[in-house]
Structure formats: C-alpha cells, structure tokens
Amino acid sequence: MKNSFGNSMAVTLFGESHGPYTGVVLDGLAPGIRVDGAFIGKQLELRRPWGRISTSRVEADEYQIVSGVFGGFTTGTPLCILIPNRESSSGDYDVLSHTARPGHADYTAQCKYHGFQDYRGGGHFSGRLTAALVAAGAVVIPALKEKGILIGSHLKSCAGVQDDSFACEPGELARQIGEVNGKKFAVLNAEAGAAMQAEIEKASEEGDSTGGVIETAVTGLPAGLGEPWFDSIESLLSHALFSIPSVKGVQFGAGFDLADGRGSSFNDAFRVRDGRIVTETNNNGGINGGITNGMPVVFRCAVKPTASIFRNQKTVDFKVCEDTELALTGRHDPAIIHRARVVVDSVTALVIYDILSGRFGTDFFSGRK
Amino acid sequence: MKNSFGNSMAVTLFGESHGPYTGVVLDGLAPGIRVDGAFIGKQLELRRPWGRISTSRVEADEYQIVSGVFGGFTTGTPLCILIPNRESSSGDYDVLSHTARPGHADYTAQCKYHGFQDYRGGGHFSGRLTAALVAAGAVVIPALKEKGILIGSHLKSCAGVQDDSFACEPGELARQIGEVNGKKFAVLNAEAGAAMQAEIEKASEEGDSTGGVIETAVTGLPAGLGEPWFDSIESLLSHALFSIPSVKGVQFGAGFDLADGRGSSFNDAFRVRDGRIVTETNNNGGINGGITNGMPVVFRCAVKPTASIFRNQKTVDFKVCEDTELALTGRHDPAIIHRARVVVDSVTALVIYDILSGRFGTDFFSGRK
Amino acid sequence: MKNSFGNSMAVTLFGESHGPYTGVVLDGLAPGIRVDGAFIGKQLELRRPWGRISTSRVEADEYQIVSGVFGGFTTGTPLCILIPNRESSSGDYDVLSHTARPGHADYTAQCKYHGFQDYRGGGHFSGRLTAALVAAGAVVIPALKEKGILIGSHLKSCAGVQDDSFACEPGELARQIGEVNGKKFAVLNAEAGAAMQAEIEKASEEGDSTGGVIETAVTGLPAGLGEPWFDSIESLLSHALFSIPSVKGVQFGAGFDLADGRGSSFNDAFRVRDGRIVTETNNNGGINGGITNGMPVVFRCAVKPTASIFRNQKTVDFKVCEDTELALTGRHDPAIIHRARVVVDSVTALVIYDILSGRFGTDFFSGRK
Amino acid sequence: MKNSFGNSMAVTLFGESHGPYTGVVLDGLAPGIRVDGAFIGKQLELRRPWGRISTSRVEADEYQIVSGVFGGFTTGTPLCILIPNRESSSGDYDVLSHTARPGHADYTAQCKYHGFQDYRGGGHFSGRLTAALVAAGAVVIPALKEKGILIGSHLKSCAGVQDDSFACEPGELARQIGEVNGKKFAVLNAEAGAAMQAEIEKASEEGDSTGGVIETAVTGLPAGLGEPWFDSIESLLSHALFSIPSVKGVQFGAGFDLADGRGSSFNDAFRVRDGRIVTETNNNGGINGGITNGMPVVFRCAVKPTASIFRNQKTVDFKVCEDTELALTGRHDPAIIHRARVVVDSVTALVIYDILSGRFGTDFFSGRK
C-alpha cells in the first residue's frame, strides 16, 4: 500500500492542494451507521483557520459524500467524500517548481517524483488533505461514541507554554474530553491557552512559527485489543499518526520520561475496583505488551513548528543544483497545532474503528434493521 | 495481518518462550544474497545476556535456517530460521497463569486469548522472540551494506546517564556507526558507558530495573524513499519499532525538542556541497514530508525500565478477580536496553530492506549469476 | 481489504448505480505516465451500450480526473477518476428493495448489508462501475504498450457460436490483438460475429439473454513474473477477473481441456528459436509453476447470460419471506459479453501493471524528466 | 505478499523438496480451537502416495507443531507446523540445474531466481509443500465443522472417465461429502472410480500421465459472505486454488456451461422452503454478485496431467541456451488428482476460515474458557 491504512476498514486519501478536489475513500465501513452531517461540519470547523494565529486562506470546506450513504446511513460499500478546493492561488507557488522550502517536501517530492509532482501549494503533501481526514473521522466518531468510546486531545504544550495534563481517573478524563472537544483552542487551563495564543501571535509578528505537543486520550476501549508484535496498539496508532504532516514524535503513557526512571516507579500496579481490574497509575498509557488493558489509551505527539516562515532562508535550486535564498510570501500558518488536534482525533478514531472491526467483525458497528 | 510486517518483503514471527522453537519467516527476499553465518552468530552474541547487568538465563542461540538458502545464498523463496529454546525452566512460572505481573502482558494476554495463552515465561510476548528478529536482521544487514547503507545504534541515555549524540556529518557518523557496532555495550563516550553499567548494577542490587533511550542512525539512503501519507518513513519505522517489547516512544530528528522551538531554528537549510544537495542541520532526521532527503535518518526510541523487578508489587489474581501481591523470583534482566539496541538495528534493517525492495524491485538486492 | 486489489499499485472502486458519481482511485502509479484522454474516451466507447444488442440506457461516460495528473502526466500520487451518473431512472427499481431478481445480488446484498444497501439499479453491484475500471485500465494500457506489452480479447464463443482461436505464434497473435482491439464487436471471424449478433437479437426478442466465453492474450511479458504459490500469475489474474460481474469461470491455456488428456500431449516442449527459449505449443497458457515463461499469457473467462430477462420469474419477497413472481421492466442488456471484453482487458492491464511494478520497482513505468 | 494469503488469518508456506523441513505458519487463528492430532494424521494419509497409481517416494509425513498450541488448544498466536523431508534422493536431480522439464517450473524458476533456486526435486515448487497445507487445513476443518460447515471433494472426471455430480439438495450433499471424505479414492460412483484407476495404471504403464476435474462443495455457509468486487467469494477461492500445482481452471456452479446457455435456463429461482430462502437450482454455485446466498458453494478445478512423464521429451538446456532432450528417471506420479483432492479441501477450508474470521471477528472460532 501507499496512500492507505487499515486492515478491516481501509482509508485511502487523494488530491492536491490546487486540484479540483481532495478526497478520501473509506472501504469496509459497517452498514447502518447514521451519518451526521452537522457533526462533520462542526469537526471541519475546528480544523479551519481562524483569527490571527492561522493562515488567511480560509476554505469553506464544503464536502460532498458521493457514495456509500443511502437514506442517511452508511450502506457498507465504499464511502467517498469529496472536498473542493476553491481558494487556491497558484500564482504564488511557481518558484517551488525548482526551489526547496526548508522543512517542506519540495525537494523530496522532486527526488521521488522526478519533476512530475504538482508543486503548487505543496501538492499532495499539503495540509489541505487533512480536511478529508477530518471529514472521514467525523463519520466514525459517532459510531465509536455509541460503543462508549470517547476520543479527545488538547495542546499539552505550545510555544513553550505548558497546559495541565489529562487526568488518570477515567471518569474525570471523560469529562475533560467533553470539555476540550467543544473548544476551538483546546486546552484544559484557560490561562495557559491565552499565553499560548499570545506566543503564536508574537511568533507570527516576527515572521516565525511555533509547534507544540498534543496529548490525546481514548476512553472506553475494552481490554484485549491489539497484537503482541507487529500490530501492537502502539504500532497501529503511530503508523497513522506519523502520517500527519509535522508530527515528528509519538510516545505512549509516560513515554520518554519512562526511559530514565526505575521499574519500581513506573510499573502500573493492578487493583480490583468495583469488580473491574484497573491500574493505579497509567504510565504505560493503557497498553501492556501491545494490547489494551482497559485503562485509557494516552499518547502524545510532537508537532514541529510550521515550516513556512517569512524570513529569508538559505536553500537550493534543485533543478540547477545551486545555492539560493528564499523568502516566502503568501498565506501561511504561524502555528498549526491548534488545528492539527482535530486531525489527530480523526486519525485516532479511524485506527480504533479499524481495530474494533477486525476484532469483533465487520458488523460490529452495524445498525441492524 | 497480525504478526507480520512488510509489503515487498514480509517478516512473520512465531514461537513461545517455553516452546521447542521460536522462529521467523522472511518472504520476498531477493535471490542471491550471500548468507553470512558468522555475522548472524555475532549479532546474536550482541543480544545474548552477559555479566551482572543481565539475566542468568543464557541461551546458546543456536539457529537453523531450514528453507530459502541453497549453496550459501538466498534462493528468493521464503527463508525460515528456527531458534531452539533449551534453558527454559517452566516451573518458575505457574503463578502467572492467574496473576498479572505489573508492566507485563499477562493480564492483557488473558483478555485477548481467554486463558488459552501459553503463560510460561511470557509465552509469545517473551523477549526470547527477539533472537529470531536479530537473526533475520543479520540476513539483510550485509545486503544493505553492499548498497552503501549502514545502520547503528547507541545508548543515548541509560538510568539517567547521558551519552554523546551521533554526529550530523555523514562521514563522521559512518565512523561512529562502525565503532558502536563492534561494542558489546554501545556508547560513544566510554565514561558514560561505565557510569551506565554502574547504575544498572546498582538498580539490580536494589531488586529494581532501569531503562533508557536508544539513538539510531541510517546512512547511505537515497533521497526520495517513503510515501507522502500513510507509508511515510516515520510511519513504517515506528510501526515496526513499537513492536519491540518495552519501546514506548519514537521520535525522529530533534523530535519532542522540536515542539517547543521556532521554525527559524529548526528548518534545515539546504545547501549544495560537492555537487550534492545536503542540509546544514538535521533536525528533521533526514525526512521531509515523510520522504528521505538523502541525509542520515536519525531517530530515538524510549525503552522503559524492565518490568520484572524483585520487589513486592501490588497486583491482581485475574482468575478470581481479587487483589493480591507478587514477588518475582527466577532470572530477570535489571536492564535490557544494551541488548535491545541490536534488536532495534535488526528491525530497522528489515524495514529499510522492505522499502528499497518496493521502490527498486525485488531484484534490487539480487546477486545475478 | 474489501474493494481494492493490487500490492504495488492498488485499485479502489466506489460508487452506486444511482449515486452522483462512480469512481476509482489508483494508488501507486509511477510518475510521468502520459495520460491519453482520447484513448480513455475510445475505451469507454467500447464499453458503452449500442445497437439492438444492448440496454437503451446510454450514459455519456464523461469522466473527470480529479487528482494525480499534472500537466498531462501522472504525478505518482493517487489518481482519482470520477464518472457521473446522469441517465438513472430510480423509479424503475423500488420493487428491488424487497424482491430478489434471480441471478442478481439483491438478496445477497440484503443478507450482507441488512437492508441498508442502495438497492436502486443494483447499487454498488451495478455493471455501471465497470466504466470506472475501463477508464482506469486506459491509464495504464499505453504505459504497458511502451514496454512492448499488448493485451487483447475476443469473443471465443457467444450464444453457442464459436469464433476462431487466438494464434499460438506471438507475432501473428500480436497482429490479431491489434485487429480485435479496433473492433466494436470483437471477433476474429466476421461470419461468426454476425451469427453471434443475430443470436443475441433473437434472445432479446424472446425476452431472454445470452452469455459466452472471452479469450484474452497478453504478449510481450518477460519470463519470470509471478510467485510460486499464492501469488501465482493465475492467482492474481483470476482474483481480479472473478470480480467482474457475470464471470463464473477462468481457465489458463488449454484449461479444462487439459483435464482429460495425457501429459505427453499437453506438456509444452521447450525449443530455442532465434536465440530465445520458446515453447512449441502453449497449452499451459504461458505459465509454468505460477510464473511466466515468456510465451503469451492466454486465458478464457466464462460470462454467464445476463441475469436481467423480461420473462416472468419465480422469486421471493425477502422482507416478508414469501414466494412471489417478478417480471422485469425497464432497460436491460440481452448480452453484455461484447461490452465486457474491454472490462476484462482493463482489469488484466491493471493486474499486469501491478505485477511489473512490484517486480521492477515503482519507477519501472516512470517517464524520468 | 508473496507466499501468503489471507487477511484475518494469514497462511505462509515455506520449504523446499530436499531441504530439512517444509512448513507453514498460520497467523490469526482464534484461541481455544482444539487441535486434533489424529485428524491431522488422517488428512495427511489421504495425501500420501499409495498403490501403483502414485510415486514410490512415500514420506512418513511426521509433523511437529512448534508454536501456537498449548495444552491441546490453539493459543491464538502464530501456529507453525514443521514437516521433515527424509526420503529425498538428490542425486536424481542434478540435470535439472540446467535442463527444463516440460510442463514444470525449472525454466521459469531460473528466470525468476537467476540460478539461485534450489533445483533439487522442484525445490520450493514441489508438491511436497502441499503436505504442510494439508496439515494446516486439518487444524481449521474441525473448527468449521463445529459451526456446521462441511467441505468435500470428489473426482468429477479423471482420464476421461466421468463420476456422478454432487447433489444440489443440501441434505443429500452433506451425506455425499461425508462419504467421499472417508474414501481414499474419492468418487461417488464406485464403478467410475475403478475405471479411473485402471486408466491411471494404463497411462503409468505407457510412461504417461493423466489429469482430471475435482468438484468441491461447501455446505452450511451463511448467506452474506464475500465482497461485491475484488474480494468476491469466487475471487478469494480462485486466488488460493490456482496456487495448487497443476490447477489450470476454476469454475463456479455451472461455470463454462453457463456461457452458451440462456438466462432463462440458468437464473436460479428463489423459493421459500421451511421458512428459509433457497434456490431451486444452483447454477450460480451458491454465489450471487460475489456474495454467498446460503446455498452450497460448488466449484470445479481442472487439474492438468502430471508433467513428469517417462517419455523422451524435447526441451532446452537453459544455461547454454541449446536444444536438448530429456528422459526422466526416478519416482513420479502418473496422476496426482486423487491426492490433490485433499489439498483442495484444505485450501478451501483455510480460505473459508479467513472469510468468516473477517466477517464475524477473530473470536468467532474461539472456545471461550
């Protein structure tokens, strides 16, 4: 496979930043899932640029479901979503046919596609394609919710400012997920959020950009999901998460903090609480041996600062193989992390849907008539 | 798939800690790769426990290649390696049929396999199976080397002690890789290495365990490998790396350090040097937009402290669903990171082999007669 | 996977007979393939209904390539083709929400999709979707031709009338392929063709339908393609061919005729001719042990008579589980075999493209700039 | 993939005719399937050569399950079966390193593996590997039986002699399946069986070989299995069946006989019988639109005459690219169809197991404790 993931339910992404449409095909959905157009719209709204902390290219993100839905429910056959591109201004980008923006894929696309790539606006590498992923995620998130599975993310850090952490206790965590899912700028601590936005604006004024860390939690998963070796929960999630542009690190539970500690501090003790087996702490992020243990699955993604900055940068003209300089113009995000968080949620939802379909069968999410 | 990875060359792992054999099948190898038995033995030696910093269960790690090799060369048909288990002492483990070791997969295996799992010594989850992975990696590492591709890892940190970092400059990095690949305890800074070993011994004496961070570099890869979305280089590597027991985080280039910085500091400027396009820094770990850029691919794995410790731990009896306590006896590693580094190298080699076979065809590594 | 095939180049099909679009995504195409719009149009024309031997629902088969092509060449990123449905008349089909047309998928769709299927015009099972397959095939057929690979089919039999067989000799066979590819009704023997059309018209007048056998040849393939066991050439081709509606049998070379003969009559003797190794006969259809031997790959597909007939048929109402009768009205083909032949060619081309990409790498078909 | 098939439960085959072991890995089995050693032995016995109608190379077919079984039940982790080769006499085969046996894979293996193939006894292409497939099938056949699913095959024709056909009525068919599964030479009509054996012996005396047609039925499958397009039941079965050596044709239901008939004769009328929906005839082999309709799935495989014959044959020396002649010596089967029938059953069982696991989840076959 190339541009697909998923075993029981496959996600295939297509499109270019300046083509007529980007889109996605979901193949393997259960029949009978109610498709909630308002929710899809709301999720796309969370991804859309806004305010002074985002690009001024604002797409309406109309979307059209052209197959796989009949009478408001999924049919069980491939569901294709199209999202038209309207706001593209290709004139801005001609220099990119031969000049590499540092931190971007212009040069690597040239090496891979030998000059045939659509270089306008990053082409197929563009963050525009995440709109299709968000729409796809919004098809399955309500189906997961019906099974008691909640997914939510917040900005654990941004531009050096720290947010609070998600709670370990599942009930409190579920409350926090509900809270952040309703927020445009997803933080637990409002003061931290204000400070982050101020830092992004400051970077923007300086022609620079910032990154951050997204913390994500999934509650309500049964114990026993995942595979011991190559399809561990960590493997399946990280595979999909690292496909999100700008994600350069993924860690589960205490992650890199585990590395320098002792086993006696980080082993999560099992206990029986209200007749259920739980762990007292969740340093392993709800996963032992690659398999879910019934505690919330918790992970963090490192999102690098947006590569597009308005400063003069040293680079090369890769057609003539010569040093040159590049100063970007046009519309760019000084940060994408606050928009990326809904992409992380969507990709996570698609992976979890796929895992549950494989484990419990393709009818697991089916609304039987 | 469950216990396999790879598209053009698939790796399938099988076996249990206390079964007659563990093993691996490599399906999709090129014909005509010289199989170097001495090198396989040397790599298994690097994984084998030694000294006071490892378990006293020392397996001979004899291995037998039972298919796919003829006259000393791969045939191109599936290559199966068997590794017999001899040193197993199943009597130590009966309690594990109903008691969960904290941090281990005993409870999650019960949830997934409904009590049918081979619970002896961790069964299929056992680190024993990494011996087969190391043998498999040792089949392809020389083939990669013939194409100019080198892979090496060192302990970037262990038990709180930091090693130096790999050099950014490819030539110096290649020298460092050669150096660490020959070392039993792979560090760049010998003093740091001695301090790490002292810390492991100290933990061991206290019945405790330690973890660390492994830094890995791959040099000599052509630019243009990987896919823009779901089969990005980060996706493919992390998928396989997270299948290694105890790995809880993976980051590429500056990874989580990127998150709190500015784009102006972390964008890697492109330059022409000796007619080749390179970057001045390598904060993106040799990968832009999921595709290799010709610089070394560099990443770090967080390895959690060994879950087996000799202290009394709170846990549950999952058969009767009651709280209990557990004090491990038997033979356990106070650290596995110094042994895990060759597992990381092997898994990396298998992933890289698969990617190159897909890109350049199944004959790419073939020794044509 | 569900609605996809291909390892190196994946084909994903979507859409319903009465939805806004059907379409296809090709993921894994090489960059730099010239996309020939006129040829795509010509191939779609061969599939389009015509004359008294086809349905009177004639779609314009406009198509739109919405991704993966830039400046007239493939980019190497997923190529999505949309084909709008305009001629649908949904009113004809309401009875199918609860009544099974014999020989059709109405009842099995109900069992699989629990009543959520789009039952209008066969929904996702409709032959309409083969237009997208034909368009997809038309993207890769010219790329195969540039490598010296030709694909062609003719109606070996139809309604009991036999056509001549393809020649064994590769040069003559190539000439025949060129000939049949230009024909609307693809036969080698014009008299046989006229008789077939007369039989189809006769069946049509009687409210009945006919089937036939399509013979297909692929010339110019190198020896050594395919895998010894589960990805044999026969396996890969039959997998895709059996997805074409109405195909109920596939045989290679002498096929079922081999079964009752002797080894001494059917073993194809190898000979050296003009410095190349060939076989004197081609009873094995160019394949030994699942691998191409350099001779033309030749196979036959049994196409059952069109299931839609205008006679009263016994069937069931599957909602109330009662016997009933059904007399179809509307527009239906008395035969589809003359239209199906270009679908067989297209599917064959996609499979061959995939096999060659896997063997020789994803750049094999690339037009390097 | 190369040497694997299956999505939810993958089958990977390895080994060579003259290597130490052939074997198979089943990855994705449910936990808790009782493994019946006596049944595995009985199935291997059906495949083993016997009498004057088979080769005199008779392997004991001892087998060893080295992973994935604990206490007599599957664990749910990969199950590896090894079958040792003992009766190999490599001296017979040296000429095959440069001479192609007509109808065999010697030349195509040379083209694919560039001379690195293990040419002894057909190497990896050898029918010996079907012993591992039979053992694998024997693990899942009892699990299918527990779900009410029966599989059986008989020799519909052999050496020009016809057997009766399987009954259409499911009850009678189940009885016939039970009958042929207990027979060493599987025919419905004992006289036909005697005539077939006489014909095989006659061919053998003449240094020649024969083939035939195997008819297979699967009863007890629920309606609604399979996918509308590329993973149709026909696609999945034919993919696996064409991997069996000597199979050159596969047809479902009336197959090629459908081609020359009329829709009015071949559409299977639906009826309600005892509250269940059935068809009056089964010309579509239990499959409509690629999906099971609840009737028995019935198909036929064409098995070509054994390629190994004792007559002088024209061929080439492919190392020096010259015409030569070849007269085989050694031990060869004058027919393999009576032994192949259990291979067809086994492969069918593995495919059906995989389909049911995908549809109903990986625990579908699990024996919950």
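Here the chain labels run A, B, C and D in written order, and each chain numbers its own residues starting at 1.
Heads up, the rule we're going with is that a residue touches a chain if its C-beta (ideal position, glycine included) is under 8 Å from a C-beta of that chain, and two chains touch if they have at least 3 such contacts.
In this text the structure is predicted, and so the values were computed from the model without any measurement.
Seen from the Cα centre of subunit D, the chain whose own Cα centre is farthest off is A. If you compare B-C with A-B, the chain pair joined by more contacting C-beta pairs is A-B. Centre-to-centre separation between subunit A and subunit B, using Cα means, comes to 27 Å. With centres defined as mean CA coordinates, subunit D is found 38 Å away from subunit B. Centroid to centroid, with C-alpha atoms defining each point, subunit B and subunit C lie 45 Å apart. In subunit D, the residues touching two or more other chains are 1-4, 7, 13, 77, 112, 124, 228, 363. Every residue of subunit C that touches subunit D in the complex is listed here, in rising order: 1-5, 7, 11, 13, 100, 102-105, 107-109, 111-112, 124-125, 129, 157, 159-160, 203, 208-213, 222-232, 234-236, 238-240, 242-243, 245, 247-256, 258-272, 275, 277, 279-280, 283-285, 287-294, 302-309, 311, 313-316, 318, 321-323. Interface residues of subunit D facing subunit B in the complex, by the touch rule stated above, are 1-4, 10, 12-16, 19-23, 25, 27-28, 31-32, 64, 66-68, 70-71, 73-80, 82, 112-118, 123-124, 363, 366-369.
Residue ranges of subunit D in contact with subunit A, taken from their complex: 7-8, 77, 228, 358-364.
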